[in-house]
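Here chain A shows up in two complexes: once beside chain B, once beside chain C.
So, the complex of A and B:
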């Protein structure tokens, strides 16, 4: 006859050997290993201040016959702490989703129940298959004056806990970050970078609910970002890039009028166009680009032959080698 | 070339006809710009309202100024048409219906806000309310301007407000004030979206001579 038994961390646990008398001779095992008699009080097994490592299968056998008299699975855990609940509309005006998690694990199974109340009406939040701990709701009405009240209750064998969030329809609007951010150098323009991106695919109606964007960029070697806010369009040309420096660029989105900014998009890297040297010198200058901090922003010398996009170190040498050959050949012509 | 010449002649001729004082070609050409101006006004008002509402709710005192205050809507007669609307219905509104809904709502809201102004406690509050009411009146006029430039008739003026009984006690009166501000805030959020849609549908350079509407 097998059970599951849930106990709190730090509790004292007494296990009885089924219907056996207190003074019966029994042997207890934990996960198949015999338990020392010092833990026994008669036929009862006493576990003091249990910890997580003591979870497992406990079995009780009659002394001489070695019949299995009782078996239980002990799961040591904790009652749930107050859960963390967050609701957000990344697909306005379709609806919103709520997601939650426990701040600390309980080590035993938990069940979650979510309720959404809008004014006097109770709405159903449909649980998502993936990710778990998430549900979504469709708006029935738009531009509501009444707040939404979402309560999440988490329950397990050792207790329950809950949390509530209340919000206005407009307050939780936060789009997903822009997608497909692309940054390219502009030919013949050593200080320009052309950036383009797309509306997040989760935003259902950019025509009626347009997004505005925030672009930030900096050269890799600097910590200070530069910002541009754009109320229109999904592209922008940076015109003040430092020549020859690799840039990191990100974009964020926001509904034109309501809600908050999205998280930053995936970062893209780009280096502005640089001019190919017009005069090859007789000296092949193989200068390696360094990713360590450089204090000046002067463009690299025009006699530099190697491709600036090349990787640091031996790679640069390999690329420069071919250029060096060309240079040597050219040099020979002049002898 | 020639067609522009004819057009300007027609425009001048029509604009000078005394029987049609309302027809104004420059208004027609600027329908797109007036929509933009109206949109900008709603954003400005929404911003102003944040400060005004904060001050007014503090004046009303707790629980009205608590951020989590979420009272049930009492079954009193709705004084102001609500901004709340079914999504598909909202999408399907004609330009005329969309503008008319905004016009009616703000006309009523202006009335009630003016009434509020008369009773408000501190001088600072009265000053803020007065300033806001002027801006709100500007919005009503701006919407009217857009409607007339597109040839839509203005909705009939709002019925006299005292159709609803005055709140019987102090608390209920404060509740009314709370909901008035809430409704105003929601309308301003909605209008931004309404005028966004209108912006897209009425490009700035469109000129439509609504001769039929003028009884030609």
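So, the complex of A and C:
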């Protein structure tokens, strides 16, 4: 006779050896290992204040014959705490999904039940195969002011708990981040970077439901971001990049009218175009480039910057600017 | 001649749609600001839920993506004509109740009323471009819900503005559908024109 027994962490557990009398001689094992008699009260096994490590297979054998009289699988766990539930529409206007998790594990199997109510109507949230703790709903109505009420109940052998979220159609709209972000230098333009991206593939109809975008960029060595909001188009040219500096760039998306901004896209790195010197001699000639708008840049005191672009050919001289010097947009030619 | 006419009609339609989309966007933004002002001035709780709002066109729609262009225009026009009457009512009541004490709310209501009228005009023009033409107006509009007490009337006003904010979003989407070359944008031909 074998079954599963669920008990709370910290509980005292008493196991009977099937139909054996209290005073019968028995041996108990846990996962095949004999259990010391000190844990027995007659033929009953007493486990005090059980913990997670005591989960396992418990078997009871008749004293002399070693016949298996009883077997149970003890699973020690906890009743569920209040689950965390969130709903989001990343494919507006098709529908939305809700996903959930438990703040702490229960260590025993849980089942989840979700109900979605819109006004007086109960809607079916279809469970996703993957990930497991997620379901999706198709919108039956659009532009409704009536709120949605979603209740998630989690149940296991030791108890149940639930949570409810209420929201309106527009509030949960949050696209996925833009995809395929690419940043490239612009030839002969030391202060420009061309950035392009695509609408997230999960957004079903960007023509009727256009997205707007937020671009942020900064040189790697600075903490402060520059921001640009773009109401249309999936490209932008940065025109105020510091010459020769590597940049980190990200883009976020939002429906033009409703909802919230997506998370930031994967970051891309790019460095604006810099002029390669032709070759070097002992006589240095310094020439200002045509784009002489000084991109004044003060590196932090400990920074030592080596202009790698200047190192070419035999007899090359590396040009190093030590800290404290203002870097202007100079082209350096060594002939 | 017919080709030139139809292409100039197409251009005019496109122009009306893009202006309409911009107007709907501005209108929504102004209605949201008006909602804040209204809630504050009328001493309401912003999160108060308003059940069914008598006589107010509801923006919620099923199978929105399956509507024809004509359906979209007609439903929008009916809605904005109704809002024109409702906002005029609210404006009058607001003046009676609060008088000059709240000119800001009155001005905000009047500004939105103007935009609603302008939008209704856009829709009428779009319908005129189809040989269908806009339906005639039915009269003065729905009667005020006179059985409501003062507080209920304030909640009713809140419901009107909220529904208008939804409509402004819907209208922009509807007009974008009209500019798409797809079944959703096709306008049902009148019986005389169907092949």
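Some notes on this structure:
The rule is simple: the second predicted complex is superposed on the first by the 279 of 335 C-alpha atoms of A that agree within 3 Å, B and C clash if a C-alpha of one lies under 4 Å from a C-alpha of the other, contacts with A are read in each partner's own complex, and residues count from 1 in each chain.
The criterion applied here is as follows: contacts are C-beta pairs under 8 Å (C-beta built on N, C-alpha and C of every residue); 3 or more make two chains touch, one makes a residue touch a chain.
What you are looking at is a predicted structure, and each value in this text was computed from that prediction instead of being measured.
After superposition onto chain A, partners chain B and chain C are found to clash with each other. Once the two complexes are overlaid on the shared chain, A:120 sits against chain B while remaining clear of chain C.
Between chain B and chain C, B touches the greater number of residues of chain A. Legend: residue contacts after superposition of the two complexes on their common chain; A:149 is shown touching chain B, with no touch to chain C. Of the two partner chains, both chain B and chain C are touched by A:209. By the document's definition of touching, neither partner reaches A:37: not chain B, not chain C.
Shared contact residues of chain A with chain B and chain C: 93, 140-147, 170, 207-210, 256-258. Chain A contributes residues 93, 140-147, 170, 207-210, 256-258 to its touches with chain C in the complex.
Within the complex formed with chain B, the residues of chain A that make contact are 93, 119-120, 139-147, 149, 166, 170, 207-210, 256-258.
Residues 25, 28, 49, 58-62, 64-65, 162-163, 166-167, 169-170, 172-173, 176-177, 180 of chain C are the ones that touch chain A when the two sit in their complex.
Against chain A, in their complex, chain B makes its touches with residues 43, 46, 68, 70, 72-73, 82-87, 90-91, 179, 182-183, 185-187, 189-190, 192-193, 196-197, 200.
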